[in-house]
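Look for chain A in each of the two complexes below; its partner is chain B in the first and chain C in the second.
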Partner chain A sequence: MTNTQVLRAAASRKRRKPGLVRAVLALVPVLVLVTVAVFAPAIAPFDPERSVDAARLAPSVSHWFGTDAVGMDVFSRTVYGTRIAVRFAIVVALIATIGGILIGVFIGLSESSRGPLGLLGRLLNQISNYIIAVPDIILGIVIVGIMGASDLTLTIAITLCLIQAPIKLTRVEVLRVRGESYLEAAEMAGEPALRSALVHVVPNSLGPAMRNLPLIFGNCVIILASLGFIGVGLPMPTPEWGYMISSGVSALMLGQWWPAVFPAIFVLLSVLAVAFTARALPKTWPVLADRFSKIIPNRRNSLA
Partner chain B sequence: MRNSRRTWVLAAVAAGALGLSACAGTPGSGAGGDGAAGADAVTVAVAALPTSYDLEGAWNASNENYTAWTQLHANLLNYKYVEKDGVMVQDFTQFEGVLADADNPYEISDDGQTYTFHLREGVVSQAGNPLTAEDVRWSIERKLEVAGGRLPQVADYFNSVDQVEVIDDHTIAFHLDGVGNDNVFLPILTGQMGHIWDKKAMEEHATEDDPWAVEWATQNSGAGFGPYEVSSETEGQQLVLEANPDYVLGEPAVKSVTMQVVPDSGTRATMLNSGDVDVAESLSPTDLAAVAGQESVQIPSVENSIEFLDLSLLENKAPFDDQLVRQAFNYAIPYDKIIDQVYQGYAKPSPGWFTPTMGVPDLSTEPAYSYDPDKAKELLDEAGKSSVDVTLTVSNAVPDIIDTALLIASDAKDAGFNVQVEQASAADFGTGRAEQTFQALIAPMRVQIQVPSFVNNFFLPGDPSNTSAFQPTQEWKDLMKTAIDAGEATSEEAAPHWRAVNDFINQDASHMAMLYKQPNQAFSTSLDGMSYRYDNTVDYAVLKPAGE
Partner chain C sequence: MNWWRGNRWWLVRILRLPLDVFVFATIAFFLIRLLPGDPVVVSLASRNEPVTPESVAALEAQMGLDGSIWSQLLRFWGGMFQGDFGASLVSGAPVTQEVFSRLPSTVELILLGLGAAFVATIVLGFLYTRFSNRALRKSIQVYSSFATTVPVFVIAVFALLLLYVKLGWLPAPLGRVSSGVLPVVTGFPLLDEAITGNWRMLGETLVRYIMPVLAMMLAYTPNLLTQYLGGLDREIAQTTTRFQVASGAKRGWIFFSVFRRSLSSVVVVFGLFFGSLIGGAVTIENLFGFGGIGQLGVRSVESIDFPTLQGFLIIVVAFCLIAMLVVDLVNMWLDPRRRPGVAAEGN
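And now, the complex of A and B:
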């Protein structure tokens, strides 16, 4: 390879490295999603739970997404649906990820030991295996069927569906990290087992579960919509995308596509938005972190 | 990176699933029709197939079962058909002989306690056996012995086969006890519960363990006297009925009825509109409206329908243990909006449980309640409440009722009611409704026995039909007794008392007929003889090619 080729290759690599603008743009889809969710009351022109006009009006200036079978404004309901989906997705993603990491660490550290902790670790691992074998929707239907449909029960149901992945990912990482030589060195240096676990094992086992978090977010949106679609979601007239789609499906045969299609598009876009940002983040995060690290010392200097 | 890719795949799967969901309900290739059949054969789009051919053996109330039972069987009597605006409407106060003689179907003794039926001669069953009084007696005994016989409504004055006397081959008498003006004996014999079996054919299929041939009759036809019998059934797809050439009222003009399963109402309507089927049953109001006015489609309309939305506000649960709150809720319902938006005009406001079809003279046709949020607020104030939380439960199998509940939730806010709509599966809804565990509910309802005193069955403590947990007061009992004692329900003397009973129910406001719905079938204009029956099924025996 000539010097010129080497320089061109280096320049190409430099071009591929995202700049600040591209880094910020990567966050835009999720920011838009969150903005719609937060400012839903300001964006939606009508109360999403009120019949505001005639039924089944086609999209128009008055009703951008038309009206549904009872005259509710589809745009307002879709926008509020974003708020509900994002709220559930954030809560479930955080609980499932944090809970999954804690349980995964516990299983990974305890399952090979003797005594009650080992027994508990193996039991939790086995329970997790069984739950994984049950399809998410079936699990959701059973839990909601037993406990009734509410914010709390749906959160529990969806979390239980989605917590298994972080548990397994973290457990595998813990088992891997436990074999690392620096742990043996720490043990030989007389470091207590608990401190060793907290200082060395846990931080080095978080990565896969954290990278799984966007997947939980997207899955949560889909499961929530699926449960709503089959009629075991949030009580009506809560503006929830799944129920909106299912209630609008029969009108498709009559050419009235808007009550079902717009919320379906929003389900799709919300999942794509999180996927896009999650995919871009590993590349753009160093750029953003670098910029922040420059800003923060400057602020400190200026304060000084 | 792998997770991110999985997320993209997930998104694509979500999009695909949503696309598939949008296509749900379209008919499968196996159920596809080849267009309307010939002049004497019709194809019908139905939501499902019957689950039982034997009402007594396996009772399950559904439009499809009612259709099978009424087309495979015949009764001693029918309600007389009267043509109104192109629709054959049953007059629930007039009976005519079917298996009973046309000119002199029955006689009632002077004391009103003995009903003597004269059977037609020369009538044969689908199996070819002649009708005799023994067939009637055996059928009545079967209804009393088999769990689904459903004769409890006449148990007060008829509960034993010993009360049935075979006088000769074509004469049979029923000796009743203590019959009064609240007599529903004839309507019971005329309705679903009055089907007559061919004893000889049934006994061929009876076994020691199953003396009433329930197992056979649930899945087979051919032992009745009805206008049709089952020709073939493809499970879950279609059922073909062939006309009975020996039917007592003459072989039906429509020789073959193919009931084709099309689960989605919109698809059924589209198939009718495109000529793929001749009749579409159980259409949603939206789909009725969509095909209304089409050149090739006709929709039956009746002056007084008996199908209504039954609103139950349970008296044994707060806040509906307070009559003022119940009245307030009735004023918080946007009736006109529901009729316009949900029912597309295929419904009428309700004056209450008593309708002109019962024959009570001068019943008011004014709506019992209208939407008046201010009045509702006043009543809530009077009850010491400013805001009331309500959970309104509906079955997820009835889309128009779900939409009705949503409109109530929307507009009742202005009256101070925060309504959450709870959807239950059909099974859970049925259980909760019968066990009175819901706070409030809406269900489709009809009074199949169109006799004023029969309404009392829906207000009896402990009766599963008393879905509002109504507690009869002394005033209620006195009103009912006075009305029954005043004379025949259709008499001028009794009429003011039945009107008073109707007013009492409306003021109590716990168990309300919210609005009356029009028939939900649509027909090709190539057919004449649309009908409206007590059970809201299509009577294929009176259907015929147009112009015949």
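And now, the complex of A and C:
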């Protein structure tokens, strides 16, 4: 029995290369998520931050997901919640990835050199080592406590949690790239160190941090919802999933399940959508990039 | 000398811990002061008090934010060496006491959730290797691919809907006991109830733990399971396993050997995973009305209790560092290749 399993494990490693259709299909869940976020005003029938009908109405034709304890339309709030979550996730993913790559390149290039730059690089590396040890939600609680709850605060808090992975990934990659001979060649050709860092080191150490980007996206949605759920997220009428769930729990106990369950389903679906695309992307990206480069010639693909 | 060489790996690691905590505390000290936004102003604004120089100075003194940043740092270090992080602005009690009176109950919940996830991982891993049923193996693999995606409080809400609202099998999520005050000896609720012989409360608490522990189990098993399945697939293909098969060892023994060898990959993730467990426990405690450190954090945010937030961050991280240390030491004990100095070979 054990032997057949060994053979089967070897056979399953040889997978079919995905075609273009499958490659595009892998992107569908995230595209749906982003579409809902972008077209939220067109999809939602009611104002998400105002009472529009009697409180605690069950789901019906006019209110698909019912109304909550103060008469706000749960469907509209849930749809707008997608917008809030996606907006945060995109901003945080971009800042964390770009910032993480730049800091990671700086640490990787400077940490073994003497002088103030090397000292700064080692200091940043150590700080990042320690911040990794802080639980995301705890860091979020403390930062929100000190700065007060707002969009900016939550963006800073979540970015600080999630920027550490791209920093570490890029640093390791830079340490690898630094040994390559084309850098030596650039140095001998008299290129300034900053130029060679930006032109040669950055493009060649992008990969791991870019592959980490969908993970940041998904984690941002989770952290934002968790902070909202324990009551230290965005302030009150904002349609944010975590807060909607926690304020719906008291109604849930009375049997009115809709104010809490629908946002919970949306959290679940969005997180799974991102995870699905993130997992399929490494396999399908070469196919897409191949097609893409046929349409626009002379485009280099830095991800592969 | 020989003894030193043989035991250096764990001695050095343990001696480094106080240094780590000290360095982190200093980083945290600067981090929370460098953040934009002034807790004094936010706090005054939230209480609708006028921002006059006197009121600002009074609150700064209460929060320990008066004087230059260097004099603050000296006071902070001095306090820390005596285990003193100031007093809470809400209750007036020392911050260390506020945190340590709540930390054990959170730890208890984490340990139960982790233990349940660990047992589920072993069971699913056994099913995965024992049966060659394609659907079963595939569904276990799909379940393991949910790792780090689904937040635990979402699962808990669905569990609540099914087990309490629809079926009515489990009691409402309103604290650990239906009535009365929990006895406090060690701070771990289950342990205290057993020590004081309060069997009615122990039973109630156990019943009320079913739902949160179930949710934590469902959420955290995939994290362990991905590692474990990877380890199992790898170890089954090892020559060691083939040799055991060829030498005619009993099947049970082969299973045991494969499990034991794959388990090290699970223990490794425990350390990385501890932070997200604390975060998950905070949301779970909030949902089930368990109190714990999450409640302290939220209370401090609402009242902008600066000394408590600072002490809370440092003590919780110190605790995480201790947990990581324990995981590291257990790993190095199980697998000598991970000890520093030995790792140069292979790897």
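Please note the rule applied: the second predicted complex is superposed on the first by the 258 of 304 C-alpha atoms of A that agree within 3 Å, B and C clash if a C-alpha of one lies under 4 Å from a C-alpha of the other, contacts with A are read in each partner's own complex, and residues count from 1 in each chain.
Throughout what follows, contacts are C-beta pairs under 8 Å (C-beta built on N, C-alpha and C of every residue); 3 or more make two chains touch, one makes a residue touch a chain.
Predicted model, so just to flag it, every value in this text is computed and none were measured.
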{"item": "Clash or fit (per the criteria above) of chain B with chain C on chain A", "value": "clash"}
{"item": "First, second, both or neither for A:Val144, with chain B first and chain C second", "value": "second"}
{"item": "Partner chain in contact with A:Ala264 - chain B first, chain C second, else both or neither", "value": "both"}
{"item": "First, second, both or neither for A:Thr153, with chain B first and chain C second", "value": "second"}
{"item": "Which superposed partner A:Met72 touches (first chain B, second chain C, both, neither)", "value": "first"}
{"item": "Chain B versus chain C as contact partner of A:Gly231, first or second or both or neither", "value": "both"}
{"item": "Partner chain in contact with A:Ser247 - chain B first, chain C second, else both or neither", "value": "first"}
{"item": "Touched partner set for A:Asp136, first chain B, second chain C, both or neither", "value": "second"}
{"item": "Partner chain in contact with A:Val61 - chain B first, chain C second, else both or neither", "value": "neither"}
{"item": "Touching partner for A:Ala42 - first (chain B), second (chain C), both, neither", "value": "neither"}
{"item": "Contact residues common to both interfaces of chain A (with chain B and with chain C)", "value": "149, 218-219, 222, 226, 229, 231, 245-246, 249, 252-253, 260-261, 264, 267-268, 271-272, 274-275, 279"}
{"item": "Footprint of chain A on chain C - complex, ascending", "value": "20, 23-24, 27, 32, 35-37, 39, 42, 46, 129, 132, 145-146, 148-151, 153-154, 157-158, 160-161, 164-165, 172-173, 233, 236-237, 241, 245, 254, 274-276, 278-279, 282-283, 286-287, 294, 297-298, 300-302, 304-306, 309-310, 312-313, 316-317, 320-321, 324"}
{"item": "Chain A contact footprint on chain B (complex, rising order)", "value": "1, 3-8, 10-11, 14-15, 17-18, 21-22, 24-25, 264-267, 269-270, 284, 286-287, 290, 334, 337, 341-342, 391, 396, 399, 402-403, 405-407, 409-411, 413, 420-423, 425"}
{"item": "Chain B-facing residues of chain A, complex", "value": "49-51, 54-56, 69-72, 149, 211-212, 214-215, 218-219, 222, 226, 229, 231, 235-237, 245-247, 249-254, 260-261, 264, 267-268, 271-272, 274-275, 278-279, 282"}
{"item": "Residue ranges of chain A in contact with chain C within the complex", "value": "1-6, 9, 126-127, 130-131, 133-139, 141-149, 152-153, 156, 218-219, 222, 225-226, 229-232, 245-246, 249, 252-253, 255, 257, 260-261, 264, 267-268, 271-272, 274-275, 279"}
